[in-house]
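Each of the next two complexes has chain A plus one other chain: chain B in the first, chain C in the second.
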Partner chain A sequence: MAQIRKSTGIIDWLDQRIALNKMMKVLVSEYWIPKNINFLWAMGVILTTLFVLLLITGFLLMMYYKPDINLAFDSVNYTIMKEVEYGWLWRHIHAVAASVIFLIIYIHTFTAIYYGSYKKGRELIWISGMLLFILFSAEAFSGYMLPWGQMSYWAAMVITNLFGGIPVIGDAVVEWIRGDYAVSDSTLTRFFMLHVCLLPLVLIAVIALHFYTLRIPHVNNETGEEIDFDVEAEKYLKGDKANAKVIPFWPGFLAKDFMYIGFFMIFFFYLVCFHFNFAMDPINFEPGNPLKTPPHIYPEWYFLWQYEILRGFFFDIFGFSAYNIGLIAFAFAGIALFFMPIYDRSDVVAPAHERKGFFVWFWLLVIDMIVLTIFGKLPADGVTMGISNSWIGFYSTITFFILLLVVLPIITTLEKKRGGK
Partner chain B sequence: MSVKQERRNFIGLAFGAVAAVGGAFSLVAVKKTWDPLPSVKAAGFTTVDLSPMKDGEMRQIEWRKKPIFILKKDANMAPNDKRDVVVGDSRYIVAIALCTHLGCIPEWRASKQVFICACHAGEFNVDGINTFGPPPRPLDIPPFKIDGTKLVLGETGPEYEKLVAQA
Partner chain C sequence: MRELKILMVVVVLSLITYWGIEPYAHSIMHPKVDPVNYNFAEGDVKQAEVVVSKREADLESAKKLGETAKIKNAEKDLQEAKDSLEEYKTFWAEIGAIDFKKGNAEKGAEVFMNAGCAGCHGLEAAGMPAPMDNASASEAYKVVPPDLSTAGYLYDDAFLAAVIKNPNIALKLKHKFNDENPYPMPAFFGAGGEDINQELADMVAYLKSVAPKEVSDEKVFADSCQRCHDMKYEKQYVFTNRVNLAEYMGSNPPDLSMMIRSKGADYLHKFINDTQKMLPGTAMPRVGLNKQAEEQVVAYMQKAGDEKKAERESLGIYIMIYFLIFGIFGWLWKRKVWSELH
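Let's turn to the complex of A and B:
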């Protein structure tokens, strides 16, 4: 055991027992952040803030929510919304945060793609981040089901049915996931468990991993410059703060982040107070009815692009059924971005506007995903500008895969041959 | 020293074996915990009287928490021995009303004589056979038995077996 002396104060007492000062240095005051990063790098801290908001409001809601198909709808729409004081506030914060967190996740993800932050040494940051995206999707979906409205019920129906596409054991798997022949009470209670217990635990662990993966390769910067953090940190500690290319996470970097959080929270509470409806589907204010499908089923906006990919294939190709192609495409879309470090063959770490081909590719991908999102919301049997929606869905789905699997490897290989930009 | 090392290897191996057996058993237990409960599995039978149905009428009933279509064919609808349930001299289509794509309930459009699934634009004809879109197979036929003019869902009778054998 270390030599314990009589302490001079609380900090010293803790320092002797848990090396408090050392820990603070490692975690914040000597955790180095490059100076040349812009507001897009604040998304991580905003996401953390939103996650904390979701946790806290989730606890408050859980005190009145009842995971039972006969009680769930009223416990949310009557008890929490009308009886519990400020219940409406927690619900709206929870719902809006659940929706907005995806907006920020997408910005965060596309920032990483734009600046090449998934490359050389930073692959694990990227992979743990994509893992978080999948986990957040599962968390969002399991939570969406809990109020047991019409859309909740049918979303659960459609998504659990997806597993029926697994060869041979598909039907058994669907039954096993639901715990019944149809989506029912056992399905609700197990999704409740996933939403409030298992998935949050896993999420917190993976968030910690995601932060840790940043610690050694360090965060990327606006120009993709390779900074020698040891040298720069030395300069900073010696007092040459002006010339050092880095600042400590605390107080330097976080101080700026707090400002962004401030701006963001104003926007966020504006939504919560005046536009909370965008995170609430009107169909979901009707209790779930297993004997009637709403005329048009669609997921929340953040899943629309994947949903459109699922239904993008509506005819058989070379003897593969439309059903299977759709499922495989959908499953692959969910994990496609995991492999960015593999599709991108070039080592250049630079912002997209300094990599001509990549820049065009990046914006094509963004546009394609927006098109997929828009058409995911429109009815499949509609017609837009004289072209049937089904065909637009098909072409934008194909475009998505070609962009990732064919175009990106080709342009980055060429970039590599040219030896850089 | 070498003796001791071997002992440690052995202890490690023995622990690994115990842990693997325990792990395998608990996986089975966890899997079974998530399986449907006995009370769910024992879900009952549903009996419908078909005699009051009119020609061309479409009904939706519930069996084991699932919606079921019953359509009495009228003279304009071509008979199909592979799918029709014949009771007396009328023909019926009996099918689980869940689209075989992802499980939405298709809507019966009497004017066009098709079942349309709005979710991903799947279509089924009068006989419940998929004619357009992603649904991979015709609507499923629930197990049934014919008892006079009554249809008992949940039990398998010879008529059901015949239909399944043809499919």
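Let's turn to the complex of A and C:
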């Protein structure tokens, strides 16, 4: 045991027992961040803030929510919205944060792609991040079901049905997930457990892992410059703060982030108080009704691109049914971005505008995903600018896969051959 | 400035995505319809014309496909739509010929009795209670007939006359009721007077004369919707027996507590104004409220489904101001910290 002497104060007392000063150095005051980063690097802290908001409001909502198909809808729309003081506020913060967190996740992800933050030593940051995306998707889906509105019910119906496409054991898997032959009370209760217990536990663990993966390779920067963090940190600690290329997490990085969070929260609470319905499908204000199919079934906006990939293949190819191809494409779309470090054959870590081919590729991917998102919402039997929506969906689905699986490996291999940029 | 440029790119891309998912997709899924029209004569004829042109387009596309059965069906539908247009034109022209200024309330009271209205309807305002309690009325008519005390407040002259003259056309329920299966309230062919138009004008004048000048939102809702709809978040429940009602309407009409959120005020105005325009084939009659009464119903629904709107919006401003100040302090702190870092 360490030598414990009479402490000079509370900090010293803690320092002797849990090495408080050392811990603070490791986690904040000597956790080095490159100086040349822009506001896109604040997305991580904004995501953390949103996650904390979700956690706190989630606890408050859970005090009144009833996971029972006969009570769920009214416990949300009557008890929480009308009877509980500020229940509307917690509910809208929870719902809007759940939607906005995906917007920020997408910005965060595309920032990483643009600046090449997924490669050479930073693969685990990327992979743990993608794992978080999958977990957040599951968390969002299980939560969307809880108010037991029309779309909650039908989304659960459609999504759980997808597992029926698994060969041989499909039907059994669907039944296992639902806990019943159809989406029912047992489905609601288990999704409740997943949403408020199991998934949040796993999420918190993976968020911790995601943070930890940053500690050794360090965060990337605006120019992709390889910084010797030890040398630069030495400079900083000796007092040459102006010339050091690094800043400590606190106060340097967080000073900026507090400002960003403040301005972001203005936008966030504008949505919460004046435009909350952007995050809530009006159909979900009708109680779930197994006997009445809504005219259009579509997921929340952040899943639309994947949904469009699911229905992008609407005709059979070489004896494979459209349904199965769509299902495989959908399953792959869910995990496709995991493999970015493999598709990208080049070692260059630089922002996209310094990598010509990659720059064009990046914007094509962004445009394609926006097109997929918009057409994921539009009825498939419609016509846009003289082309049927189904074909637009098909071509943008194909484009997504060709961009990732064919174009990216080719242009990055060529880049490597040229010896860099 | 570089940061501002990046921010602009992020904002523009988010807005394009938002525009595509929300306003654009919404406009495709819910094609535009004519605005609310309280002049029912004009609105109904216009809407019937819209249906005719839709049926014409259907016939065209059926002809393109070349299937005989489909063409025949389309031709039949088109003919029905044309007949319906003619019927609306004639019907509203007849209503238009009534001179409501000549209406005499005293005579109207006599006509009201002679025509047998009090056989089914109560008129509490004139000291006439409903002839049956709700349970018996549900059994007898499948739906409780309304007390007419506020009818003169809820409806305008033309619509009242139209409902009395031929409820099935005025309420737009021709697809549901016909000669074999008649609407519970019979059409009015005169109560013994010489001029049926005069009788209608008199009855309208009578109902107007007994109606109160001011009616609460809750009462407007009760008199126009509650025979069939619950508003359970306001603890208001249907007057009609649910079993009879389900039989009468085809299924139990939905609870309206959350309707303001699932449909929105604009849709509800249009729907109350003309159900068939918004949901062709629905079993719900056109409500036909005048502008003021309709706004009261929607306000009541707003209260039930979005009670905290005022609190939300006033608190929203304070929260946003708080974060503006927070952000300014954040900026000042950042300037202080970074002054050493540059």
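Everything below uses one rule, namely that the second predicted complex is superposed on the first by the 421 of 421 C-alpha atoms of A that agree within 3 Å, B and C clash if a C-alpha of one lies under 4 Å from a C-alpha of the other, contacts with A are read in each partner's own complex, and residues count from 1 in each chain.
We adopt the following convention: a residue touches a chain if its C-beta (ideal position, glycine included) is under 8 Å from a C-beta of that chain, and two chains touch if they have at least 3 such contacts.
Here the structure is a predicted model, which means the values were calculated and not measured.
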item	value
Chain B versus chain C as contact partner of A:296, first or second or both or neither	both
Contacts of A:326 with chain B and chain C, given as first, second, both or neither	first
Which superposed partner A:205 touches (first chain B, second chain C, both, neither)	neither
Which partner, chain B or chain C, touches more chain A residues	C
Chain B versus chain C as contact partner of A:231, first or second or both or neither	neither
First, second, both or neither for A:169, with chain B first and chain C second	neither
Partner chain(s) touched by A:182 [first = chain B, second = chain C, both, neither]	first
Partner chain(s) touched by A:19 [first = chain B, second = chain C, both, neither]	neither
Contacts of A:81 with chain B and chain C, given as first, second, both or neither	second
Chain B versus chain C as contact partner of A:197, first or second or both or neither	neither
Set of chain A residues, in rising order, touched by both chain B and chain C	295-296, 379
Residue ranges of chain C touching chain A (in the complex, touch as defined)	2-3, 6-7, 10, 13-14, 16-18, 20-22, 24-25, 28-29, 233, 254-255, 257-259, 261-264, 305, 307-308, 311-313, 315-317, 319-320, 323-324, 326-331, 333-334, 336-338, 340-342
List of chain B residues in touch with chain A within their complex	31, 34-37, 40, 43, 60, 62, 64-67, 101-107, 118-121, 132-136
Complex interface listing, chain A residues touching chain B	154, 157-158, 161-162, 164, 175-182, 184, 186, 190, 290-293, 295-297, 310-311, 313-314, 321-324, 326, 379-381, 390
Chain C partner contacts - residues on chain A that touch it in the complex	35, 38-40, 77-78, 81-82, 88-89, 92, 103, 107, 241-242, 247, 251-252, 255-256, 258-263, 265-266, 269-270, 272-274, 277-278, 280, 282-287, 295-296, 301, 304, 366, 370, 373-374, 377-379, 382
